[in-house]
Amino acid sequence: MSTQQFPTETWTPANFLERVIAATPGESRLEMCIQCGTCGGSCPSGDDMDNTPRQIFAMIRAGMEEEVLASNTPWYCVSCYYCAIRCPQEVHIPDIMYTLKNMAIAQDRYVDSVAPDWSQTFVDYVENYGRSFEFGLATRHFLRHRPTGLRDTAQMGLGLLTKGRMDLMPQRIEWLSQLQAILNRAKELEAEGA
Amino acid sequence: MNDQFEPVIIGFTCNWCSYRAADLAGTARIKYPPNIRLIRLMCSGRMDPTFVLKALAEGADGVMITGCHPGECHYLDQNYKALRRVLLLRRTIGQMGIEPGRVKLVWASAAEGVRLAQEIGHFVEEIRDMGPLNWPGRLAAAHVNGHGRDDRLMPADMMLEEVPA
Amino acid sequence: MNDQAEPKERIGVYVCHCGSNIAATVDVADVAVWAKERLGDEGVVITHDYKFMCSSLGQELIERDIKEEGLTRVVVAACSPHLHEKTFRTACARAGLNPYLCELVSIREQVSWVHSDRQAATEKAKAVVAGGVERVIHNEPLEPLHIPIHPATLVVGGGIAGIQAALELADSGHQVYLVEREPSIGGHMAQFDKTFPTMDCAACILTPKMVDAGGHPHIDLFTWSEVVRVDGFVGNFTVTIRQKPRYIDTDLCTGCGICWEKCPKRVIDDVYEAGLGYRKAVYTPFAQAVPKYPVIDPENCTYFINGKCRACEKFCPTDAIKFDQEEEFITVQVGNIILATGFDLFDARRVPQYGYGRLANVFTSLEFERLCNAAGPTNGQIVMRDGVTKPELVAVIHCVGSRDRNYNNYCSVICCMSSLKFAHLVKERTGARVYNFYIDMRTAFKDYDEFYQRVLEEGTIFVRGRVAEVTDAARLPSEDGKLIVQVEDTLAGRQRRIPVDMVILSAGLEPRHDAKAVAHQFGISCSANGWFIERHPKLDPVATMTEGIFIAGTVQGPKDIPASVSQGAAAAARVLGRINKGEIELEPVRATIDARHCSGCRICNGLCPFNAIIFHEDAMVSEINHALCQGCGTCVAACPAGAISGSSFSNEQIMSQIEGLLLFDRPVRSRHFSAV
Amino acid sequence: MQRSARPYLDSLLAIQQDIGWELEEIQDWNCCGATEYISVSRLPAYALNGRNLALAAQQANGVNTVLAGCSACYLNLAKTDRYMQKDGRLNAQVNEALAAGGLHYDPGTVKIRHLLDVIVHKVGLEAVKRKVVRPLTGLRVAPYYGCMVVRPDPENRFGSPEYPTILDELMKALGAEVVDFPVKTHCCGGHMTQISAPVAYELIRRLLYAADQYQADIMVTLCPMCQLNLDAYQDDANKHFRTNYTMPIVYFTQLMGLAFGHDPAELGLGREFVNTAPALAKIGVEVPEEPAAARPRTRRDDPSLPMPQPLLKK
């Protein structure tokens, strides 16, 4: 992990905080965090995160962009929304986590690629077929990241297959070109906006 | 020197909140454009719609009405009455051919000097974008055209209310 | 409009430099010269610019001109009227001019301090002066209002703040009516065991005051009563009090207690004992209750439910039980009113993740106070809900329902200190290990931080983090049977799960559930949260915007006992000042209806928040009571007949000020009108 | 729903007549993107959901409710609709993207509701009770809501984001004995099974531990992801922690179907990884041993395309 020295001339706390806020839809209220730890305490995967969400927010304020985007925290967010409903300051924590993931992918900053690749694989399937496809997803994902774990998962996959709960081939939606046109336009718009 | 349009704006302030916010802006030396001239009322509820029409008719390009935040009125809830009047007034001036945006309602507590200054800044820009209102000019034109006073431009109760100058 | 022949008034205009405060940005000399030249038609006969108008020399300048030049109106262009209006008005009065014929316009706060372009600032200052001149022409000579004050006072709420206020007033020899909703005075403080930071016993310091109030020759105590109607205005309110039937003849009752001994009906006491203990259907809330007479609670009394029993009646040695008693309405006259109606405790059930109401051994702060209290349901034993087991591990959670936008976004002020108190009491009485979970430790005020030090010394473990949840769902066998407090220890940066036996929730303070209705009844305003709003948050914390109504204690916002007592005393002092003077002087900012123009449409009647407008059915006209009117002017703006005028803020004054502000060419404007 | 959550679909179709419904599938729906798409890019993720909403609005014949069975779909559709209503810029951008596909969606046009919400609040517990012919008496059910249906729930349809009871009430209406399940809204592990399995196993274990502590016979879920994680990964979690939980996990619609007297096979029972037979034997239901054979597909009538190759980074 690269460590950023601060304070130095490259230390630009305001910039990073402002960019995260700007990239999050609606009001993120990130600037309102009082560092109480409700999020970190509520988080089901908080134990396994490099930094608790609260720490991440402090780090964003401190301008520690590299560390934040390299942290596994946003990727370990399970979107359970406990933090969101409990936060006394109504900070939109899951939305901020999505923003950080976007930024980490865009800047190629994340350290452990398992989670980002899973998301990307999922996205590829959606973009190419319009629907997700468990068999392909799991296989492709495990081939890259946990070749040894594939055997266990394969057993489960076999189970899903024999129980009529999974297809061997992905199913494609009918008007895929329409979906792709929409997504491409959305990507253009997003690029313009950024 | 500078041919930028400088609007003239009349601001009505509440004695308990926004007038004090204006005082606070002064004490804190927060700068805002000199286009606004303030009038103190005891409450935004005192704001008679004819005051606004009068200001526009006398040459103001915009009117800003300020009062306490909802729920914080020093006279219990008179600011809600101001709110209702402003909504109706905006519609009325719209019917008279004036952009409703020339009348703006802003809530500012006695602590919000910065906010009041910002709101004034924004409003000046908004009015600048709309350009001069020139209601007196239009009234004069109507007068010259021999119709006497143009009743469509002059609300009835204002004609009743002849104010000695 | 400015072509009138002969100006009626002789106006003097004084432009202040305020050292360099104004003069640095505004060309004050230019403003003065301009005013004399251009406003001459309006009646300006003399103008001066002066270094410091508010200095005695400046004031003498005005006085001299009034006398020598025969000025009939004065305009001072200087600082904000909130600062020096009174100064210049007084100067005018000294010179024999009615003070309300002087107008102070602000060219400092509103011009020199907020603008930097000297030319634009000077032009704006001229416009502001012109506005003031046009306005002052229409000022009328006014007299301040003088209102006589009735010497009796109503105090609503018999908690510590109300008791303090009542005693202060009564001790100085004035009549007080003290109204309390519950059967006894004492309020929340009577429920507490110890008081921080000194750990005095609450009852030991409160009971003597309660007894004093109960027996005071100048205090009429109305317990089990409520104010149902307030009429009138400062100096002379007429208040109607409803006294609920006690079903006890208080002239006969000796408070011996046989009735509640014999009463067969046990009821969970969820007011005084916070639901942890029982009382009877005939009861006094606690042993030291003032007055000592019990009440019969008809909702639970067997006789009221099914017509049988009457055990209390049979055993009463003085025949004081009166089942046929009815509610009474008492009317009193008072000059001032002090509201000290207190707070409600935040209902911890609203935070489901803390499990209160679902998990037996989660207690609220009030429940815990009762557990600790030697006179409480457990005789002061700190035990778990089973009533026997002493806890070995106790968690105290701060900020429950406070500092949280999901519930109340303010700090409840007292919870940090009371949480420390709980930690101390648990340690002292059970030796249990105590964890305090806090967001920020707020121990301001005298001896409070010292108490924090003491609790630290005692070995309480402090965890900085707002608790995420309290659960009985164990993850590991080691957690089985415990309550688990899950929290991020923000200083360690780790998620922790801490198993405990007992959890105490330091619930916050909330406005009374009926605060808004009470505020409306007394004609005062409350914030969006429901706390009553003081006249000035710093300089006038116990007065309200409504003359004659004062507030004290937690009704104004969360506060601790010393602050509540101070406010009770302060409110009493404010009232005493008025009683001693015998009258008050009010600013003559008032609305008046000209009966000749009133059409009797009654539009104004419903608009007045102070019910100051009365309608005369016979004459079909409305009239404004000047003692009730606060001068907001809403009715003036609404009257379709223009029959209402507002003194100090009349239509003529405001319309003319508008004209003045826009009177001359618009010098700041570089593009001029062209005819359409 | 046609795939890994097939029993959910089967059981829903089975009970729809009982509760007087006629359900229509959104034609050519696409994936909502779960929590993954929005992790990669923001606007396309909203556009993805915008398309579903637009299709639903087009297809709506006087009907304006989209029923979601899956919590992620529910959340994503509802959130897209809500944010489009609140954020004018987002609304404009999503619609500009949709226009590229000839679609348009006015936020607020369709109501997005979860199956459970509609069954309890629209159909009503009384109507459900009347249909019960085989009460689930004696079956100890742990109601499991998971996260994204009850949270953030801005319209408060489920009563409480922390401790809802509507599934409890539904199960009671079916005659079941309902466990006061303290972890009812905790996380099932979500996508962590793919990202860091041990993390997910721990989350799954916590739920199983609590269900076991509370002596539940069976856990009911209302989301395909939860069902999949708890059911299919139960064995892995057991291996990881050397435990031996055998907690059957079914959809609430399956238990409704059983109570309404449907045949277990029709409800897709028997397709679980963890055997439901012992639990359901308590209410006298025999679960088919072998799953109904899936119709073998030939390559010819298969509309699928070959798998795309992974994009290799770096």
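Lettered A, B, C and D in written order, each chain numbered from 1.
FYI, a contact is a pair of C-beta atoms (placed from the backbone, for glycine too) under 8 Å apart; a residue touches a chain by one contact, two chains touch by 3 or more.
Nothing here was measured: the structure is a model prediction, and the numbers come from that model.
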Of B-C and A-D, pair with higher C-beta contact tally: A-D
Whole-Å gap separating chain A and chain D, where each centre is the average of the chain's CA atoms: 22
Whole-Å gap between the CA centroids of chain B and chain C: 32
Centroid distance [mean C-alpha coordinates] between chain D and chain C, Å: 51
Where chain A and chain C are represented by their mean Cα positions, the distance between them in whole Å: 49
Multi-chain contact sites of chain C, meaning residues that touch two or more partners: 353, 469
Two or more partner chains touched - positions in chain B: none
Residues within chain A bordering two or more other chains: 47, 82, 85
Interchain contacts (touch definition) - all pairs: A-C, A-D, B-C, C-D
Chain C contact footprint on chain A (complex, rising order): 34-43, 46-47, 51-52, 54-55, 82, 85-86, 88-90
Residue ranges of chain D in contact with chain A within the complex: 2-7, 28-31, 33-44, 46-48, 50-51, 72, 75, 83, 86-87, 90, 93-94, 96-103, 147-148, 151-153, 161-162, 185-187, 189-192, 194-199, 202-203, 232-233, 235-236, 271-273, 291-294, 297, 302-305, 307-308, 310-311, 313
Chain A residues within the chain D interface of the complex: 23, 25-26, 44-45, 47-48, 74-82, 84-85, 98-99, 101-102, 105, 108, 113-126, 128-132, 134, 136-138, 140-141, 143-144, 149, 152, 156, 159-160, 162-167, 169-175, 178-179, 181-187, 189-190, 193
Chain C-touching residues of chain B, taken from the complex the two chains share: 1-8, 10, 16, 19-20, 22-23, 25-27, 29-35, 37-43, 45-51, 54-55, 58-60, 70-78, 81, 85, 117, 132, 134, 136-138, 140-141, 144, 157, 160-161, 163-165
Residue ranges of chain D in contact with chain C within the complex: 160, 162-163, 180, 182-183, 186, 205-206, 209-210, 213
